[in-house]
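Structures incoming, each one as structure tokens.
What follows is subunit A paired twice: with subunit B in the first complex and subunit C in the second.
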Partner chain A sequence: MILPYFVLLPLLAAFLIALLAGKKDDWAIALSFMATLSILALSVFGFITMREQTFTYAMSGWNIPIGICLVQDALSLFMLFMISLIALTSLCFSVQYIRHLAQDWKYYALFMLLLTGMNGVVVTGDLFNLYVFMEIALIAAFALVAYGCRAEEYEASFKYAIMGGFSSSVILIAIALTYSSTSTLTLAGIAQALPGLDQRLVMWIAALFLVGFGLKAAAIPFHTWLPDAHSSAPAPISSMLSGVLIKALGIYVLIRLFYNVFNAPPLFMNLLLIIGSVSIMLGVFLAIGQWDLKRLLAYHSISQIGYILLGLGLATPLGILGAVFHLFNHAIFKSLLFYGAGAVEMVLGTRNLKKMGKLAHLLPITAGTNMVASLSISGIPPFNGFFSKLILIIAAIQAGHPVYAFWAILGSLLTLASFMKVQRYGFYGEVEHQKPNIMPGKLIHAAMLILAVICLLSSLFIVPGIREHTLDPVVDVINNKIHYIELVYGRAL
Partner chain B sequence: MKDSHGMTPIVKTVTRVSVWLILLYGCYIILHGHLTPGGGFAGGVVIALAFLNVMLAYGKSFTAEWLNIRLLKDIEAASITLFLVLGLLGIAFGNAFLANFLGKGEMFSLFSSGTIPLFNIIIGIKVALSLFLVVWVLADIDSAKGGDL
Partner chain C sequence: MEPSALLTFLFLPAAVAVINLFLPVRAAKALTLLTLLYLLYCAITLWPSASLGSSSVYLGVDRLAAFVLLFAQILSTVILLFSLKGVRRDIERFFFVLFPLTVAFCNGVLLSRHALLFLIFWGLSGVSLYLFALLGKDAEASAAAKKTFIIIGGSDVFLILGLVLLIGSRPVDLWWLDKLNLRPEAPLYWLAFVSLLIASLAKAGGFPLHTWVPDFSKSSPIESVALLPASLDKLLGIFLLARMMTSLFVVGLTVKMIVVSIGAFTIISAVMMALSQHNGRRMLGYHAVSQVGYMIMGVGSGNPLAFAGGLFHMINHTIYKSNLFLSLGSVEKQTGSSEFDDLGGLAKSMPLTFIMALVGALAISGIPPFNGFFSKWMIYQGLLETAKTLPVGYQLWMLICLILAIFGSALTLASFVKFLHAVFLGRNPGTHKVREAPINQWLATGILAILCAIFGLFAVALPLKKLIVPVMVDLGMPEAMQFIGFFHPLLLLGLFAVVFGLGILLYFLVRTVRYDDVYLGGQPADPRFRITGSDFYREVREMPVLNKIFAAADKKYCDVYEMGSKGTFAFSGWLQKLHPGLLPLYILYIFLGLLILGLVINIGG
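So, the complex of A and B:
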């Protein structure tokens, strides 16, 4: 059974780093690479061999409903693969970038705790356990956002902590309500008990969860913490936060709760549609006026999260397919964009687009990979963003929501406009630069090139023949809704 | 906290006696965690308070001589690593992570209930040192200059 190792390996690495690392960061780097590589290998192995099945793992040997169970299905393996892939490239990027700030092992210990928390949220099948892992990930994220130790970073981290604390309290109230009315915290058990309850209570619980996890996912009315936190963090952490944290803590939990536990109530599906389309439009409008590159990217995260919520709100198999596909694609190209911004910031010491200028000949690989990522996020074929947005738009029209399809198309055009601005001012502008003192090293280039290649390759996920083995099992898990109960209880011994 | 030489002799004398009683009580709570209310966390907090009591009464420089802070930091990291190793032993000798792999023993005796007392002791050490070191680090920060951890 591979399931507990997704949590154990990074956790063990985090504490071994604290124990073994002296003043230097060599041990920390080696241990964190080992842990991340092993969970990447485990998730690939798991997805290839076990994607069609659902397994549960009883912690301490206590079976549900007494103990805590971990659940492994196609959706959780897919998320684990995405998280470990981004974590690995982010570590590659970190080595030079963090040494450039300060040589310190604490960064890697916190990074491993962040990974532990996200993996824990994804593998657990218990609501309170999920809350605990979410807090582990969040507290590590607060510390990492403030890692640069400048005033604005402390401010962003503090804001993030306040908003995170608020959303966690809302979630805790919802968990308390759930526990008092269903007497169980196992997600499958809750799903089983919910239809027998007063439906007004169920709607209130669902609303509290929507607010709490909506805040984690930074959808539009709950987005205020994101632009500060994601733009102030060190670049590899921005890519972890924007690429996977808001998805593991926000979108993934929303999918699990609203599809597999609450059985996709139509009221909340409509709410997701509205929140999604508002996020698409407002996110991109807020992004287009920004001159701070990382802030612009952070606002685009809100807009792209809107696309995922839109697909989920449609609640048709095609909409879910588009949402899952866009979830993966956004993780890839948004991380790549943040690496580009981080490399430029490391070399020039600025994030202001007006001060960047002619960088294409100075940083050819950064400029090239940034172009690939910009084309992907704007939805230009043959890059992955085009296909996922196309599926979402077709799904919206098929489901009888042409208005939402229109918002998605308009949002995509405005995204293209704002990334033309990034290319025009950031990489092909007029400002000339001298040869800088510090240049991105091999590992940074490797991280960027890997993701740029995946931007192209993951378009293939949608090709018939490959789709059946990659995205369809994930869509089945979501689309089967509360069939989850039987799968979880059926495998429990 | 400025680097003072602590409080008055009255406080110091009382602390000299009481700190051992507090430590003893903390150890009692930890060791009887599987028999009575309390356990690793509650007992660990009591032990941390004993250390903090000394720090408040005698000042930081005395406490730094009395305790080896670097060693405490290492023990803290080692204790939680040991916790994970014990959990992994549960996979090796039992059937799941954190599973019990020792004999359950006689009910209500001090050496019973398998691995639970071991976990209680480890958690007690971890909580005691973590809480103490968090306050220690916070006390190090000079609010005027900002602090380096």
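So, the complex of A and C:
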């Protein structure tokens, strides 16, 4: 059974780093690479061999409903694969970048805790356990945001902690309400018990969850923590936060709860549509006016999350497919964009687009991969973002929501405009630069090139023969809604 | 036609692009030229057998596509010939990767039968445009690239919306683009039509989405200007418009009139802007916009004759406009400038280039016997015939459009007088030592100039009968043939020759010409007081009503892009004021969100 290792390996790595690394960070780097690589291998192995089945693992042999169970299905394996892929490239990027800031093993220990938390959220089948893992990930994230130890970073981290704490308490209230009315904390058990409850109460619980996890996903109007936190964190952490954290803690949990537990209630699906399209539009409008590159990217995360929520709100198989595909694609290109911003910040010491200027010849690989990522996020063929947005638009029109399709394309147009701004000022601008003291090394280039290639290759996920083995099982898990109960209990009800 | 044979048009140039990445530049040039010649041969052999009968789900070619495909290959081959010598050294390698790739994408658009493939290739051809724009050298190149791609890439999303609205209700494996004939009663017909119109206008450079063309023309490598906005993008944009008008939509009279008006407005507004330019590239760029207006009028009117004229004008324009851009390119490469103030008197030192540019200028101004005259004539006559059948109000509307178009043609001639004077005529001591362009360059412009003459002199026998009539028959408009029966270019030519001869006769009868040196206040003229041509027609800018319009145009009030970005940044600034970084305010937002959710649940649940 591979399931517990997704949590155990990074947790072990975190403790070992703290115990062994001492003053040097070589050990820390080696240990974290080992842990991340093995999780990546496990998730790929798991996805290839077991994608269509659902497995549960009872912790310490205590069965449901007494013990905590871990659940593995295509959705969780897909998330795990995405998390470990981004974590791996982020580690590659971190080695030079973090040494450039300070030589420190603590960073890697926190990174492993972050990974532990996210993996835990994804694999657990228990609501309170999910809460605990979420807090682990969040506390690691608060610390990592403040890692640079500058005033603005502390401020960002503090705001993040306050707002994160606020939403966590909303979630805790919702969990308490759930437990008091269903007497169980296993997700499948809750799903089973919900239809028998007062529906008004169920709606309120759902609303509290939507607020709580909507904040983790940074959907508007719960988005205000994100721009500060994501732009202040060190670049590899920004890419972890924007690329996967908001999805593992926010979107993934929303999918699990609203599809597999609450059985996709139409009212909330409509709410997701509205929140999604508002996030698309306001996010992109906020982004286009920014001159701080990382802040611009952070606001785009809000907008792109909007696309995912829009797809989920459509609640048709095609909409879910688009959402899941966009979830993956966004992780790839947004991380890549943050690496580009990080590389430029490392070399020039600025995030201000106006001061960046002529970089295409100075940093050809950074400029090239940044171009790929910019075209991907703007939805330009042949990159992955084009296909996921296309699916979302088709899905919206087929579901009879042309208005939402219109918001989606308008958002796409503005996204293109704002990334043209990034290209124009950031990489093809007028400011000339001397040869800098520090240049991005091989590992940084490797991280960027891997993701740039994936930006192109993951377009293939949509090819019919490949889709059936990659995205379709994930969509099935979501679209089966509370069929999840039977799959978890492993018997017909 | 075997679908596998069509794949050659896509994969061969794409493969050559990849190979060119690794070849020495010289070999890359040779390989690209051979490939394009082979593709040209393929396109010629494809023409007789083009039909949708045996095509696959994904690729197919009808007469229209084969026709456009043929000219795409001709133009790209000739432009490549021009590019063999003279592309800037530092961009040469990338240029010869991008060139075949662009051809592959353009062919892809033309041969796609599946809407998804069409979308992908359409988007890719926009990307190649962007990459070409980034190769530009001058300070504005990067800004021009940004503007170009925001308009082109932005219109792609409307293409997506339009196509999905058009055929989104079918399962994805049945997304054919032929014979859809969406009726006006259909839900969201308007949104679909406008979306596709946006895409085609942006690509072809029609008003109000034309503003990228002059900027791109100003800053990008001149070979890419001749290749994309002057040739391939015109072909693609008008190809889409022709598809919309014939097979995608059933178009009512009012819509046709609106499209015709867009065409007329494009002609007149762009040619007015062209008149007042003092940079050769920008001027030709505005003309590339203005001429699109004729094609839009012709194709949009739905009259078979005007439609045929629109298609004919499309290929004529690609020929003479790339000729003009390339001639200007030769001049620029020899003198280092495209500003009218720096040029002049080049007819002596670059006579071959001058002759080619002269032919192009006469063709674009609609002077017989060159091709531009005949296609414009066909459009005018077609529109007049349509006007006859219309209700009175529409008749007036159509006539106004027609008058604007004819007036635009006269202004085109006027602005090319300026162009020829400023670049080739007049005196400029600074350009005496300039040498003639290398052989490959004047050979390329020469081929285009000869095509201008052939397509004019033998307009009926060659392009119309052999190419355009079969296309029209295939599109279900065989009536266009009737007119062509009465159409005698040689007769018209004879009439013009008589008039011209009379003019010369008159000149010899009354000539009193005196050649003298130029003096100013009794002193030999200072070169500073040379008449450069860049101030021609400045009074147009000072006319009572026009001065206001020009002032507005200078403030970019007519530029959708500039206005859009102003509005966007204003809204963005307002939104940022709502995000001042105050934690209590942010918590308040969360509370408000919760409150609204609660209300919704109490009402909805």
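Everything that follows uses one rule, which is that the second predicted complex is superposed on the first by the 490 of 493 C-alpha atoms of A that agree within 3 Å, B and C clash if a C-alpha of one lies under 4 Å from a C-alpha of the other, contacts with A are read in each partner's own complex, and residues count from 1 in each chain.
Definition applied: a contact is a pair of C-beta atoms (placed from the backbone, for glycine too) under 8 Å apart; a residue touches a chain by one contact, two chains touch by 3 or more.
Only a predicted model underlies this, so the values are computations on that prediction, with no experimental measurement involved.
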Subunit B versus subunit C as contact partner of A:406, first or second or both or neither: second
Which of subunit B and subunit C A:271 touches, first, second, both or neither: second
First (subunit B), second (subunit C), both or neither touched by A:12: first
Partner chain(s) touched by A:139 [first = subunit B, second = subunit C, both, neither]: neither
Which of subunit B and subunit C A:204 touches, first, second, both or neither: second
Partner chain in contact with A:58 - subunit B first, subunit C second, else both or neither: first
Interface residues, subunit A side, partner subunit B - complex: 4, 8, 11-12, 15-16, 18-19, 57-61, 106, 149
Subunit A contact footprint on subunit C (complex, rising order): 116, 119-120, 123-124, 126-127, 134, 139, 141-143, 145-146, 149-150, 153-154, 156-158, 160-161, 164-165, 168-169, 172, 188, 191, 565, 568-569, 571-573, 575-576, 579, 581, 583, 586-587, 589-590, 592-594, 597-598, 600-601, 604-605
Touch list for subunit A against partner subunit C, complex: 159, 162-163, 166-167, 170, 199-200, 203-204, 207-208, 210-211, 214-215, 221-222, 224-225, 227-228, 267, 271, 282, 285-286, 288-289, 360, 375, 378-382, 386, 389-390, 393-394, 397-398, 402, 405-406, 409-410, 412-414, 416-417, 420-421, 423-424, 428-430
Touching residues (chain side subunit B, partner subunit A) in the complex: 74, 76-78, 80-81, 84, 87-88, 90-91, 94-100, 146, 149
